[in-house]
Amino acid sequence: MARIRRKRYHPPGTQPGTLVAHAEAQGTPVRVRAFRYDAGRCEERDVPAAELPSLSTPESGVLWIDVEGLSDPAVVRVIGERFGFHTLALEDVLNVPQRPKVEWYDEHLLVVLREIRHPEPAEQVSFFLGDRVVVSFQERPGDCFDPVRDRLRMGKGRIRSEGADFLLYALCDLVLDAFFPTLERLGDEVEEMEERVLVSPVPESFLAIRRLKRKLLEVRHAVWPARDALNLLLIEEHALIRPGTKVFFRDCYDHTIQLMDMVETFREMASGLVDEYMSAVSNRMNEIMKVLTVMATIFIPLTFIAGVYGMNFDTKASPYNMPELTWAYGYPALMLFMAAVAGGMLYYFRRKRWI
Amino acid sequence: MARIRRKRYHPPGTQPGTLVAHAEAQGTPVRVRAFRYDAGRCEERDVPAAELPSLSTPESGVLWIDVEGLSDPAVVRVIGERFGFHTLALEDVLNVPQRPKVEWYDEHLLVVLREIRHPEPAEQVSFFLGDRVVVSFQERPGDCFDPVRDRLRMGKGRIRSEGADFLLYALCDLVLDAFFPTLERLGDEVEEMEERVLVSPVPESFLAIRRLKRKLLEVRHAVWPARDALNLLLIEEHALIRPGTKVFFRDCYDHTIQLMDMVETFREMASGLVDEYMSAVSNRMNEIMKVLTVMATIFIPLTFIAGVYGMNFDTKASPYNMPELTWAYGYPALMLFMAAVAGGMLYYFRRKRWI
Amino acid sequence: MARIRRKRYHPPGTQPGTLVAHAEAQGTPVRVRAFRYDAGRCEERDVPAAELPSLSTPESGVLWIDVEGLSDPAVVRVIGERFGFHTLALEDVLNVPQRPKVEWYDEHLLVVLREIRHPEPAEQVSFFLGDRVVVSFQERPGDCFDPVRDRLRMGKGRIRSEGADFLLYALCDLVLDAFFPTLERLGDEVEEMEERVLVSPVPESFLAIRRLKRKLLEVRHAVWPARDALNLLLIEEHALIRPGTKVFFRDCYDHTIQLMDMVETFREMASGLVDEYMSAVSNRMNEIMKVLTVMATIFIPLTFIAGVYGMNFDTKASPYNMPELTWAYGYPALMLFMAAVAGGMLYYFRRKRWI
Amino acid sequence: MARIRRKRYHPPGTQPGTLVAHAEAQGTPVRVRAFRYDAGRCEERDVPAAELPSLSTPESGVLWIDVEGLSDPAVVRVIGERFGFHTLALEDVLNVPQRPKVEWYDEHLLVVLREIRHPEPAEQVSFFLGDRVVVSFQERPGDCFDPVRDRLRMGKGRIRSEGADFLLYALCDLVLDAFFPTLERLGDEVEEMEERVLVSPVPESFLAIRRLKRKLLEVRHAVWPARDALNLLLIEEHALIRPGTKVFFRDCYDHTIQLMDMVETFREMASGLVDEYMSAVSNRMNEIMKVLTVMATIFIPLTFIAGVYGMNFDTKASPYNMPELTWAYGYPALMLFMAAVAGGMLYYFRRKRWI
Amino acid sequence: MARIRRKRYHPPGTQPGTLVAHAEAQGTPVRVRAFRYDAGRCEERDVPAAELPSLSTPESGVLWIDVEGLSDPAVVRVIGERFGFHTLALEDVLNVPQRPKVEWYDEHLLVVLREIRHPEPAEQVSFFLGDRVVVSFQERPGDCFDPVRDRLRMGKGRIRSEGADFLLYALCDLVLDAFFPTLERLGDEVEEMEERVLVSPVPESFLAIRRLKRKLLEVRHAVWPARDALNLLLIEEHALIRPGTKVFFRDCYDHTIQLMDMVETFREMASGLVDEYMSAVSNRMNEIMKVLTVMATIFIPLTFIAGVYGMNFDTKASPYNMPELTWAYGYPALMLFMAAVAGGMLYYFRRKRWI
């Protein structure tokens, strides 16, 4: 069973704002891409490490710095210094996984989300929104941002005419949209499980339910704080987010509520599964027990009767000693009597609906 | 078992505000009707697709555009453009099912409700309230709006003398009223189940309880957010809803609270049903086990005694070897002894109230 | 088992504010009494239907219109028209049972409470507070208002010197006070049940617990919203309720909190009863099973031994074939051996505290 | 089992503000003591009933009227009239037990607390704080106020230099402090129970757990509302409580939070005890069942084999009829075979870790 | 099992603000160290008891008084007097354990945290923040503050250039960071337990789960109020905490949320463990029962048949009396019949998947 990934905290005592790469990030290649666009054009290029210090806020339009891979803390530090991001915020980028959150700093805004796209492992995505600048950090190459990249390149929709806040929205929206197929899949598994549990209530089913519950818990831990964070974004006033863009973030927020609805519904169903498993197990046990009960209850008196006529009382010693044994129809009569006893009991059980 | 209908999200990466018809909506015929009324008259007509672009806000009175069927996104788009509705709001109309909600835009208001009218499947109903305009969208033909249409046509009540906000109220009220018979029916089923579960605690009952709980959950998911949405409508000030109409929306809100009360009462009763089922199953099992126990406990010692006198000790080898076998009244005496043992045990069990 | 009484909603689509009598109200006689009083005098008279339209707000003092029976919607309509009550509020009077609530209208206040006085069925009591006027509506003749009527007639206490708001308080207080003996009785039943469940855990006890829980749920549904309504009354400013009277409503509110405390305590105890019932059932089952276990465990090996010596090996064919059968003390020795086995097991079980 | 003491309400219909002694209070002797002090001196005397009407607010310093015993409503009424306390507040003093609360009246403040000092029964303590006056009412003689009386008499600490609000604080603090040893004791009982339940899971343990849970519930009902009341005292501004004294009330409030923490921890532990009891009962049952199972499973086939060789087939009629019976080593061989069967099964059970 | 450490309250009646050492603190050596630093230098020295009264707020820079050991109340009193700390606050330092909290006094701030560093017992850490002064109190020598001491001595990071509020932050951060390895360890134990419970569901596992749950409860009691306290610190304005430092406290607050997330996840998992234990126990029991059932069900009819042919009916008395006994192939035929019965039942059980 997959371990719940836990925050790999810095060793206690680490100085606040220390930027070190996460152990698991070691070896991931780092790629930095810059998109510089305005309504009329979009210029895209890879930024080698050496050129990072020359990055600067564009005079007009929007600059998106798109970083994949967190193995090199220097990249994070240089970018942070260029745009004046707070060291605590930069630390949160490297020190994954953080709880999804939105944090306001004087000149910029940090948005941390968790991306869960089946079948890949969960990944933290961090966004900085500054003046005309968005910087996004991902743990690994491979993401769900291609639709936005395409829209930027081809000038589809309104994205190139809007500001950096709209780009932030578009990226957050993609991260949240990616939850839907994952949840849909988990929902299918829950429903499948409901059939399976009743048919074959084996201990494996119990483990499978536990695994399912844990996955749902993981999604919940990713979505619930994201909902709170987006709500905060809607309530608080901040110069970097224009009112017109808030309508879009409200839509995002709405998606998180729908996600929570789904998660909670599935969680309730999964909890019900444990009851159903228990009920199915005991139903099965009961069925077995009933067979034993019926068998035993029928044969116990019969065996006793047979035992009685197996006693060795001396029939010659006295006429009171088991005279039935010497009757001409003793045996057939006893057999009929036994059959009657068994039949009577079967009839009684059937009438009681025990069999 | 019916699947819980889940949001058929757009494929992740879809541009925000993209209007595409829902897969399940394909093939539903689209019908657009316009009601133009004021205190003195009501003019009703079907609007063919070609005439949609010429729709416009009336100079006086109220215009209700009543759309059934969502298979043609063009219809939604054209109407949205004519009255200046936000594309995200229009997207919510098509992208069913949305969670019930109220959303304010600068110039209009979106109300999304879910209609659950037994025996039809749940359906999303969306309302736009603009200046002197109400637009309602339904997923399928067939609805609960006829009482309002009749009141409009015949000028019954105050509806024609009131504004668009009152029409919105009247329509919402109908959607919510339709829940009552559905819930009443579910309540009947819960109470019926309570009788049945005690009489025949079969696994089918367990499944039926599960089905019932799921239906109640579905209603809850439809009513709970509607309650929150209506509360929001009452609290927030908006030029489109006059204070005099708020009293009516408060009545609506009151209905949602009553619905929630009923849903929660039935849910509590349904939860109790699982306990009762479990209790009934174990009662039944106990009854069976008790019969076995009593049978076995009575016959086990008797069988042993019979076994003893079935032993083949040589009575001739010594006078100590089972002399009882040769006694004149050995057999009848043993039979009486056995009867006494059985009777004693029966008396003991009866006194202990085990049988 | 008594059905939980559910709101008999109007048929969906009924025009808002339609006043029709509730089906169950048919045939209840209607009686309208008017009390016109001030500090100096109290004039009481029955008002026949024909005189209702001539009712009017008194110039000074307070007018209490006390209506019993809701079978005639005309009475409600006429009174409502005379004092300018909102039609939605009047509808709530007829459309019983409503959830207890307080509703402010511009010129008047509606208070709806539920009266549960054992052994009578629950009844809705609705109060309108206007300027110098209180109108009370009850479903049936027979109520808990006599103490107030007496105090009015005899000028006891401050009630005649106070305004209409104090009369409203006095009536609400009586409705809430009537809960205490009912709850006291339910509390007695819960405690009685606690004894009974342990002594005789029969399925009837289970049903009785369920009935008790349902009654407590009914009281809770009557008290909980009343508490919220009274709290609202305390918080909100309204010209009709003077600050001096608020202290009395606060006392009322305090009573609802005490009632909720009692209800919740009894509910917790009733929930514990189910556990105790289950525990008592399984204790009883265990006791029975233990007897079987001990009986079977003792006799199973003994029966086996007897079976062995019932085998028919030919003792003459060889000296190895069951020579015990021909020993002089074979039988007594075996009997002693069996007694030793049984005694040993009994000792073992006793030491293990199984018997 | 001790009954949960319930509010002995006035008979429904009692006029608000009626002062009658509680039935249980009858016969308790009433003692009124007055402490008149300022920084320099403290004068203490018993006030006979006749002198009560001459009590008055001191010109300087603080007056504490310390009343024990509530059997005489006249005492409460006279004191209330002298200092202008509201009749509803006085009613709360007599009509015990009230839920702990703080109530502001225009000129004074009412604080109701419940005192639970093991092994005495719970008692209501009511305090009135007026201008330079504190009046305390207790149900019975004997209390926890002696430390304050001593500090007043001997001028220890700051109490004599502070105002009436500080005296109120000092008395409340004593009432709350008295909970700690009681809770400590309940905590010890819970921990003791944890050991006992595993060792001897008898039904008496179940009853003891129930008793413990009920006691904890009682403490919770005394502490929880006290916490809310003290919080209210901290939040609201009132001329009678000076800011400097609020720091002390905050300390009191802190104690109620610690008490709640303890209560909730013990309640959680006590709830766990029921699970442990159930688990211990079923463990014990399982142990017994396993012995039966193993015994039966071993002897059932052996008994069958013995039964086979007890059959009476005529060995002379044919050589196929049980020739084993006449073999020279038939019996010993069968005995060995049976021992092998039994040994094999024991080995199998041991390997499966069933025994 | 370790007892939950409970507040060793003062004896009820103790005067508020009385400073006495906790019974458990007796004998712990007291060590007071003073760090006086500013951006340029850091001077560290041990302060003997005699010099405590000469301590004073520095003119510039920051003074940290670092106290280990609470056995001498005089030390606490003298320091409190020197810097004007409230006696109630000082009492909280000595009267351990307090619930973690933040308390504002006019001129200073008290922060109480609980430090849980495996494998040491929990310890209370109290901080006073005054103007340019931080005083920290710990119960025992040995702590997690060395990283800060080193940073102060070596001038690493910004700590020496910041104010007293930053020092407070740095110390709180260390206390909270120390929870992470402890929780990580508990998480490992929970996961280990999950494997173990399924493999060997012995009563010891049940006790181990209980122990685990209790430890998690202890951590929860330490973290939950710390979270609330830090939140309060963020919300309220106070001259002693500069806005720039609040960003750091927000980071601290964030850590407590992460800790709570971990605690709650582990608690949910631990609760699931009880279900799994119960399920594993009953699975194991079921397995045993099934073997008995199958054995018994197969042999019961066979034993009956053998019993029948052990009856002693006189075959010579009549040709109807058990003629099978004298048939040539009677015995082999019966054996085959018995084998067929047993085989048929085995086949039936296998098909039903009972074995």
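To keep things simple, chains are lettered A, B, C, D and E as they appear, and every chain counts its residues starting from 1.
Following the convention adopted for this analysis, a contact is a pair of C-beta atoms (placed from the backbone, for glycine too) under 8 Å apart; a residue touches a chain by one contact, two chains touch by 3 or more.
Everything numeric in this text was worked out from a predicted model, so none of it was measured.
Chains that touch both chain B and chain E are the following: A.
Looking at chain A and chain E, not one chain touches each of them. At the interface between chain C and chain D, under half of the residue numbers involved are used by both copies, so each side presents largely different positions. Centre-to-centre, using mean CA coordinates, chain A is 41 Å away from chain D. Distance from the chain D centre to the chain E centre is 25 Å, each centre being the mean of its Cα atoms. Each of residues 289, 292, 296, 300, 303, 307, 310-312, 322 in chain E touches at least two other chains. Taken as a contact graph, the chains are arranged in a single closed ring, with each chain touching exactly two others. Listing the residues of chain D that touch chain E in their complex gives 144, 146-147, 151, 156-157, 170, 173-174, 177-178, 180-181, 184, 187, 191, 194, 198, 247-248, 250-251, 254, 257-258, 261-262, 265, 268, 272, 275-276, 279-280, 282-283, 286, 289-290, 292-293, 296-297, 300-301, 303-304, 307-308, 310-314, 317-318, 320-322, 354.
Partner chain B is touched in their complex by these residues of chain C: 1, 3-4, 6-7, 9-10, 12-17, 86, 88, 98-99, 101, 103, 105, 200, 203, 206-207, 210, 213, 217, 221, 274, 277-278, 281, 285, 288-289, 291-292, 295-296, 299-300, 302-303, 306-307, 309-312, 315, 322, 324-332, 334.
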